[in-house]
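The same subunit A turns up in both complexes below, where it pairs with subunit B and then with subunit C.
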Partner chain A sequence: MKVLKSLGIDAGSTTLKIVGLDEERQIVFSIVEEPDPKIEEQVDALLREIGTRYDTASAKVVATGYGSNLLRADEKITEISCHARGIYEYFKTGGTAVDIGGQDNKVMLISENGKVIDFMMNDKCASGTGRFLENTAWRLKIPIEKMADLALKSDGEVPISSTCAVFAESEVISQLSRGHKLAHVIKGLHRAMVKRIGGMIYAIGIRPPLMLSGGVAKNRMVVQMIEEETGETVLLPEDPQIIGAYGAAVLGL
Partner chain B sequence: MPPIKIPSRKEVIQREKSSGKDVAAIYPIHYPRELFRAFDVHPVEVWGPPGVDTKMGSAHLQSYICSVVQSGLSFYLEGGLKEVKLILVPHCCDSLQGLGSIFKDFVKPGQEVLTLYIPRGITEESVRFLSDEIEKLYKSLARVTGRAPARERLMEEILLEEETDALVKDFYAGRKKTPLSSREFYAIIRAREYLPPRDYARLLQIAPRQSPESGPPGRVGIIVSGLLPEPMEILDVIDEAGGFVVADDLACCMRRVYGKGAAENPFKRMAERIVQGPPDSTKGGSVDEISVSLTGLTEATGARGVIFYNVKFCEPEDFYRPMLKKRLQNKGIKTLTLEADINQPLSQQAITRVRAFIEMLKGEA
Partner chain C sequence: MGLVNQIKYLTLYKIIGTAVISRQTRKSLRHYRLPRGWREDILAPPLRIGAYTQQMIAKHYLEGRYVNGVKPVAWVTSGAPIEILKALGYYILYPENHGALCGARKVAQEISEEAERDGYSIDICSYARTDIGTALSGKTPVGKLPKPDLLLCCTNICQTVLYWYRVLADYYEVPLIVIDTPFVYEEANDHDIKYVKRQLESSIEVSEGIAGRSLNFKRLKEVVRASKDAADLWLQCLKANRRKPAPISVFDQFIHMAPIVEKRGDPETVDFYARMLAEINRRVENGVGAVKHERKRVLWDNLPIWYRIRFLSESLAEHGVAVVASTYTNAWGELAPLMDVERPVESMAKTYTYPILNRGTGHKLRTMESMIKAYSLNGAILHSDRSCKPYSIGQMDQRLKLLNERGIPALLLEADHNDPRAFAGEQAVSRLKAFVEMMEA
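Presenting the complex of A and B:
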């Protein structure tokens, strides 16, 4: 039975992620699930199941994310520290890390030795977060994973306000009712979201390279637009969604 | 350690009234406490208060007016100031000036509403101007109370306030000796907003102190800058995250620990104390003065970071903050900016940011 040395749990607002590391700091497995309302029971069940497949007796459990307060863990560390460490461990370089999560965005400046130097986080408004796209996708009955495809194929773009994630939804409907093409509106929605993220990146100051994490970084339109807005080439992990849990697991080693 | 019993505002108001004193409601920030006391008027400060339902005040105010003023007006409209004989609204920012105007021109309370214009900058002209303002306030108080305290009485109260200020400075200097949590420490500091000076001095004397002076082991020293630490949950969050508030640059706290005046004229002496007190955005302190003060405070206390805890829409603080952040960062002092509404609980995002900031300062991140 493979021995796990560390388990990182990222109980985010829209997804639950768990990563297990072995003694060579290698990812042995990762899990991404929608969080249940009773997340503590969900995590307990997952950990029991993991325990049947791996030797977790000596594994340190580190929890992060908004749901972490409800979880039993050896240590609880903020998402900012976990994403920064995950990104640093993955790319082995300092720079600017941007985590685009379900309900918040974080921009972190990471030093050459992997320490957080400064960070920013939206704390009043969900505009520019994953929920910004999700709301509209749900309203238009388009699977969230199809949103990027639509935008990437679009030959035009309709400006959408980034003032509010909720108002953007009604603005999208309004633009469609004026006869604008769905793809143009969806692309405009991506732009509004990325403008918001770009504002945070510029507010803290870019220190290349620019690295992305979080579930929304799987959206290729978002990545492309961030490159357009910042003029920087983006470094993207293979699975950006698990970087917070990965960082938590690394911090547990 | 048994908790220190601090009487509530309500208890103090009742006690002062039953001893024959009048009570004045004082809106933020700077004013001469000693002047009111010389008239046997007990000043009780109204910093909001937090937790007020602001719908009544909001009807009179634009949505971008800060929650201190929104609450302050709502509190009056809900009958919160029924016990007071008069109201003072110092002009420390445009919103407070607007509040004074709303009281005088529109709401027209049954009580007398007085105003006090606070000059900008530390100059002789500022002292002269404020001295004249305080003398005008003296005349207004004489009219309202029918009393006219002599110079000796004024000086007696001034000296008592100067002594109290010295005690508060000493209490701050011994912060690392106190086994008090940040919230307990600031509950004591803020009791000055309504306690008579002798009661307050006694409170400082019974506050526990211990050695060594290093503060709680393993904790990161933090300075909080802004108007007021409300909701006070922010102090618990800092402590729980492994921080420790070693000092502050808060308008309701350390920015009002004034030095001694020098003038023989009591009005001028009261003015000197306020004008020459710690630099403050609402007194037009320069960016240089404020950044030097904050840097000095971090060096003196060993603080590792500064949290700018700003009441949303507080223009004086917002105008200064970007430059202050830059100056501090150039000195290697890390900063975090949080926006607060004194009527709202801290958001989970704000709590996460405080925790991440302290993780960053500890070098764990």
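Presenting the complex of A and C:
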């Protein structure tokens, strides 16, 4: 039975992520699930199941994310520290890390030795977060994973001026009712979201390289537009969604 | 009517009310108990002086209930030059202080909604909404506010007050004195000070007319002396925090600043701060810190978040973070040296032109930098106050300059001083915790 040294749990607002590390700091497994309302029970069940497959007796459990309050963990660390550590551990370099999550965007400046020098998060508004795209995808009955494809294939773009996740939805409907093509509108929606993220990156001051994490980083249109917006080449982990949980697990080692 | 008011004032406030409040103070001092749920593990007990703070506030508002028809009543902005009114015997009410009290008692939202129902936008300052809401509905946690006979509005804190006080003047149909203070970018010009001085001089006649008496310059000097002495003692209370551990926190300062704002110019306020300073000095002698296990010391910029003071205090103290200095509480002490008892009106003109909010963003940055040095601070929390644009403007650049030029981590915390609807608790806690982790890394 493989021995786990550390378990990182990222109980986010939109997804629950768990990563297990062995003593060589290698990722043994990762889990991404939708969170249940009773997240503590969901995590307990998952940990029990993990315990049947791996030796977790000596594993330290580190939790992060908005849902971490109720979780039983050896340590609770904020998402900023976890994402920053996750991205630093992954790319082994300092720079600017951008995490685009379900309801939170975080921009972190990481020093050469992995310390967080500065950070910024969206405070009271979900503009520019995953929810921005999700709301419209749901309204248009398009699977979220198809949004990027539609935008990438689009031969045009309709500007979406609203930065509000709720109002953008009605703006999209309004643009469609004026006869604009769906793909053009979807591409415009991506642009509006990226402009908002770009604003945060500039506000904190970009230091290359630019590294992305979070579920939305799986959207290729978003990544491409961030590169266009900033003029920087983006470093993207293989699975950007688990970086927070991975960082939490690394901090537990 | 006048006689009935006089009798009520004398019996219900002067004799019975004052006696009851004083008895409560003595009782709470004799049987000192920690507030319910006080986190003794992370915080020192509240200052004993708190019993007197409560007493002063209680007496002030109790007097307000019975003062109409007995003394002339003026409603004034927080940075208004009140010494002339004080010398003329006015009872002075500070709607902003009343607003803060409503915030701390967690009723500001309900009262603001009264103003919003009447058409006042949610984008207007939450103090203004709280005050107008009280005026319209009569709702207040202090029982009843006296009606104003005169309004005094000084633009040295913001321009909102100008429109707010015009609304009040219209509503109560009373005269409004506006003291317009030119904005100070670096240093005020002589003609700026002369301009303010002339406005102060021409306000005397209106104020005398309503008070029904003439201004006695000897009395004015006494009031200016009391203002100066109290402000000076307040500043000494704040400066005690240069010691490690800091004897009081900025959250304590937020509570005990009430007298320096609303009882400025009274001899009892001087006594109050002398007593407070003595208690703080005892803490310093005994090495008592406001935050037990003080590990990091930070600055607070901008107004308090009145409805979450204890929550924020505990959230930070849990991590050994003491909020040691604040540009806001400092604002009521830093101008004390400008007051000159021998030249009361002229020195008032200068003093009231120089508040931090009437000066450029560069000045605020320099103030923060010097406080960071003087108080040995590790970081700064900049409350981006949705309601207070003059205080919040420039914070994005100030934050970056503190970080990049001084190596001081700084957090921008979005909230509102009085409207809890603009405060996201989970987000705030998560940012504060990340900020602490960043300082410790």
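Descriptive notes on the structure:
Just so we're on the same page, the second predicted complex is superposed on the first by the 252 of 253 C-alpha atoms of A that agree within 3 Å, B and C clash if a C-alpha of one lies under 4 Å from a C-alpha of the other, contacts with A are read in each partner's own complex, and residues count from 1 in each chain.
As a convention for this text, a contact is a pair of C-beta atoms (placed from the backbone, for glycine too) under 8 Å apart; a residue touches a chain by one contact, two chains touch by 3 or more.
Owing to the predicted nature of the structure, the values given are computational and were not obtained by experimental measurement.
Steric overlap between subunit B and subunit C is present once the structures are superposed on subunit A. Of the two partner chains, neither subunit B nor subunit C is touched by A:129. With both structures placed on the common chain, the touch criterion links A:66 to subunit B and to subunit C. In the superposed model, A:205 makes contact with subunit C only, not with subunit B. When the two structures are aligned on the shared chain, A:42 is found in touch with neither subunit B nor subunit C.
In the superposed pair of complexes, A:118 makes contact with subunit B and with subunit C alike. Using the contact criterion defined above for the overlaid structures, shared-chain residue A:213 touches neither subunit B nor subunit C, since it reaches no partner.
In the superposed model, A:80 makes contact with both subunit B and subunit C.
Contact with neither subunit B nor subunit C is seen for A:241 once the two complexes are overlaid on the shared chain. Judged by the document's definition of touching, subunit A residues 66, 77-81, 115-119, 121, 123-124 lie at the interface with subunit B and also at the interface with subunit C. The part of subunit C that touches subunit A in the complex is made up of residues 396, 400, 403-404, 409, 412-414, 422, 424, 426-427, 430-431, 433-434, 437-438, 441.
Those residues of subunit A lying in contact with subunit C across their complex are 66, 77-81, 115-121, 123-124, 203-205. By the touch rule above, subunit B contacts subunit A in their complex via residues 334, 338-339, 347-350, 352-353, 355-357, 359-360, 363-365. Subunit A contributes residues 66, 77-81, 84-85, 104, 115-119, 121-124, 251 to its touches with subunit B in the complex.
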